[in-house]
């Protein structure tokens, strides 16, 4: 039964993605993308990756979808030039070749991942029970720190480029499809995160995204006044994440001699402290990524 | 302390380059002072150095750049010969240039690159290995370009472009040959009688190719036919630049490079064994005749002198390629003799242009009355070039001819006779017009030539006379070259 | 705290501070770049004295954790970045600031340092994303429609490049089960592993603007403000080239297929860039196309150098990168000053009559000498090492191509320099040069540094000869 | 097993579709969408490769999570730039 479900799901993902990419209408394309995202996150639940599924639903589909909806009308369609068929065929052949190479590469015999046993062995010392959280905030926290730096840079560029602020309308036509999809999800995922706590799927990114999503929805519907977004404090909160994480990394090195090496036995405290700071910072960053700077330079 | 002499000599001209370049245009006195002081100090240092060298002291300054790659400055007798020539003539040319460019533009730029030019020449003279030689040789290319295009006209730029194409192309060949030789032989220091060991037996073909590349590389600057095309064109440069190009720096650097490659990289015996000496001598012979032949038909005075240079510089190459100690003495002595003669001619020609606006042979009528001093200097230089005894040119030609006989090449005598006839054919009409024709009606009123323009050609003309008369003195160019050749042919 | 941690984290901390205290951004930037330079000096001394250093982040050894690897190559790249950084900062301090410059610049510095030190493929991907985004921000800094459009194209190309890298990493993971750099040698052993590596290399080619994937680059580099152009051309593309060289080293003999591709594409880039530079009408475009050509040269050097574990030819590529970074940064800074003085950057209008060429033109000329690779520049030493090795191998065609590239670069750069020397006696003697600014000093200093680097080539070569970790 | 292949094909298919769209469209928004779909496809491949008998490997999951967050940042920048380009064209 389940394999059949998976095959149908897989096919649905491809179809909706193709629709999203080729449909002419902007809103339809973005909606197609949103649906693809949600189906993908469902498939990732099936692949045994609930943390990622949550993140994809909240950020990959939700927030990205919101951003795309915001911009869909402001970016005019490029005059669609009919490409010569030869170019189409070449591009198609290339795409098929790459897809084929990927399938062949992944299905050919490969070495088993080295990570599961390493993660399992070191999980008790990591300060987190959820292996994904352990990887993100302990084993490979350096990746995460750089990822926060990416968000920081993205925010800096968006503030610099300063697109027009989205118009807030009490549940206007722009908001409705988005709110219809996102709000229930927000509530659902938020509840899930609260319920499961730190030991199960969830973490700073998902929580931050949910917070940001709620704030954006409220901001768009005018519930959160523009007063809040005009405060410099929000931007400072956003950049604080990188500063705190970097300082924590260096502080850990002072204490233990290893960059990001948490003192023995206190890993959990450190992780929770960093995660809570990150949650707020991520939420502020994502919110500002959506709304842009208060004033244009 | 004195082991840093080579560096000090290099820095007297290299060190003032940035200082002069940043000087404001209006700081005329300061610039002249710095220039002349540096040139004078350099002459003094070179004199000191030559005394040290005759006392048997050797100099070695090394700076490692990469494994098997080092900058090496040294002072062997051959280096001292070239150093002495360039430092003395630099001093004279600087004085002349200051006078010549009075009231001109971009003088800071001019004198900056002028000094850089001489610094590269000095570096070429003192290079202790092929790599160092290459570095300064390329630096010379770059330093000379702004001088060639100094006037900024389209003609100057065309000449500059052609100059760059030729010299950078030659630079590429030289670079490739050098790297190839380093890959085969490791470090290539300049050592009398060559450093190649058993390579001529193991890799004769590669070595021949390397020789061709190296000679092609330096041959561009030495204006060997058919690589000489840039030289007549670059006559658009101001007179002191032409003097520098022809007598001291560029052309001489090429000829000096041929000496280094023949004597101190390959060694005359190796070269003869590989059968490469004859073709080089033949090329030199062709260049001698072709240059003289082309000079005949030039009406532009400086162009005539330029083709004369093409011809005369190859005397040096010929002397080197003939594989005979006597011919070598002639060739090496000609390095100096041609330098002082040609600089006399160019400085005098510059004075004709400055004083009377005369730039062509046709307009030379009555120059002996109009500018007797400059005309006298020009005459001495021209007669020296023809090889009239007892002037310097005669000494070189005498040794070259004797060397040809010594090497069993009597054809050399015929070549020298033919070339001298051609020399006479293109110089004597100028002298005739200058001394025996009355000035034409339209001749411009004379502009006074200051002492800065008058003294340098007079001095070099005197040197031409002295170098010929005192040829047998130990410190004459000839005496010194005998000493060098005794090292190369033991 | 070790130099390695501070090298990466100090710039990021400085970046956040410059946002928090915008009024002090310039002085914060200066302090950070100066500290960065001191850290690099200290690290280089340590590496020369004690060999390559490693630092296990968080105490979790690779492959689970991430390791910083500070070997000779990384140190040379860090030093290159530090030197250019000082000049960029000096120049930026002398020009009116634009909001966003300092945080983006500091983030670029941190990302570059992180990239040069990282020993993990996925970590490298994240570092590339920081670098790419910050570079796009620097491009957009000019704010003109052309710059914004160039920034968008740059970002889509850059993102496509990094996603190709990520795809390659995903396939590496599926083939070998791990993503630290030591997996590269395993990848070279199987054909599906080579597909993964090829995808990573393709992504790097986009990011490095390697022909024919350079389409985004001339517009981006020529429409940005001068400091940003200098940064992008001198440093940002070096990140991808560095990783290509690193893959060649890690892959050893098995990475020959990558090197062959690099050599071929590099040749194409060298010729194509030179051709476009010869035809360019605007100075900035000429310099940008020259970057395409120079990247081609560096790729060619990596490509023909052979197995880095067997011979030392790859050091030539590193030297060329170093030389290009200094010279190209100097060149863009100089071009910025020239354009500022003239109000345009048309090559045909460089020979102005009322103002004589000054420090900027001179800096351009010196930088050109380095780019052409005339002695005694580091570019020359790099080419020397490379050609000497190729002579030994008898690879005549590569030597011929290298010489052709050199001749072409001399041809297109002399177009500009000869224009600057034009003018003539009609120039009034009272003409004034623009007053000197620290920007002139930066351009001139960098150009002179590039020129003299050849004389001090022993230093980077000593570093590069430190055995790999 | 079948599920695994199905999702593998989906991942590869998403990559192919996205590349095809990127190669054939000059539309700014479509390029943003295409890049996002490409990223989703790659993430799918990572997760499929990480599947094992004892559950899905946590490390590629962390990679995907990082990738998602990075991508939302880049997308925000892309859209901001695209909006400004459109605005400048209007003026």
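Here the chain labels run A, B, C and D in written order, and each chain numbers its own residues starting at 1.
One rule holds for everything that comes next: contacts are C-beta pairs under 8 Å (C-beta built on N, C-alpha and C of every residue); 3 or more make two chains touch, one makes a residue touch a chain.
As the structure is a prediction and not an experimental result, all values here were calculated from the model.
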item: For chain A and chain C, chains touching each; value: D
item: Greatest separation from chain C - chain, by CA centre; value: B
item: Chain A and chain D: spacing of chain centres that average the CA atoms, whole Å; value: 11
item: Distance from the mean Cα position of chain C to that of chain B, given in whole angstrom; value: 42
item: Chain C and chain D: spacing of chain centres that average the CA atoms, whole Å; value: 28
item: Between chain D and chain B, distance of the C-alpha-averaged centres to the nearest whole Å; value: 69
item: Residue numbers of chain C (touch at least two other chains); value: 64, 122, 126, 129, 133, 136-137, 140, 148, 167, 171, 173-174
item: Per-residue overlap in chain A, given as positions that touch at least 2 other chains; value: 102, 106, 110, 112-113, 115, 119, 139-140, 143, 147, 150, 153-154, 157, 161
item: Chain D: positions in contact with at least two other chains; value: 15, 28, 32, 45, 48-50, 59-60, 63, 66, 70, 73-74, 77, 81-82, 84, 89
item: Chain contact topology (line, ring, star, complete or other); value: other
item: In contact (per the touch rule at the top): chain pairs; value: A-C, A-D, B-C, C-D
item: Complex contacts: residues of chain A adjacent to chain C; value: 101-102, 104-106, 108, 110-115, 118-119, 122, 138-143, 146-147, 149-150, 152-154, 156-157, 159-161, 235-236, 239-240, 242-243, 246-247, 249-250, 252-254, 256, 258-262, 297
item: Touching residues (chain side chain A, partner chain D) in the complex; value: 2-3, 6-7, 9-11, 13-14, 17-18, 20-22, 26, 29-30, 33, 36-37, 40, 43-44, 46-49, 51-52, 55-56, 59-60, 63-64, 67-68, 70-72, 74-78, 80-81, 83, 87-88, 91-92, 94-96, 98-100, 102-103, 106-107, 110, 112-113, 115-116, 119, 131-132, 134-136, 139-140, 143-144, 147, 150-151, 153-155, 157-158, 161-164, 205, 282, 286, 289-290, 292
item: In the complex, chain D residues that touch chain C; value: 15, 22, 28, 31-32, 35, 38-39, 42, 45-46, 48-50, 59-60, 63, 66-67, 70, 73-74, 77-78, 81-82, 84-85, 88-89
item: Touching residues (chain side chain B, partner chain C) in the complex; value: 21, 25-26, 63-67, 69, 71, 104-106, 134-135, 138-139, 142, 146, 149, 151-153, 157, 160-161, 164, 168-169, 171-172, 175-176, 179-180, 182-184
item: Residues on chain C engaged by chain B in the complex (per definition of touch); value: 351, 356, 362, 369, 374-376, 381, 384-385, 387-389, 391-392, 399, 403, 406-407, 410, 414, 418, 421-425, 427, 429, 454-455, 457-458, 461
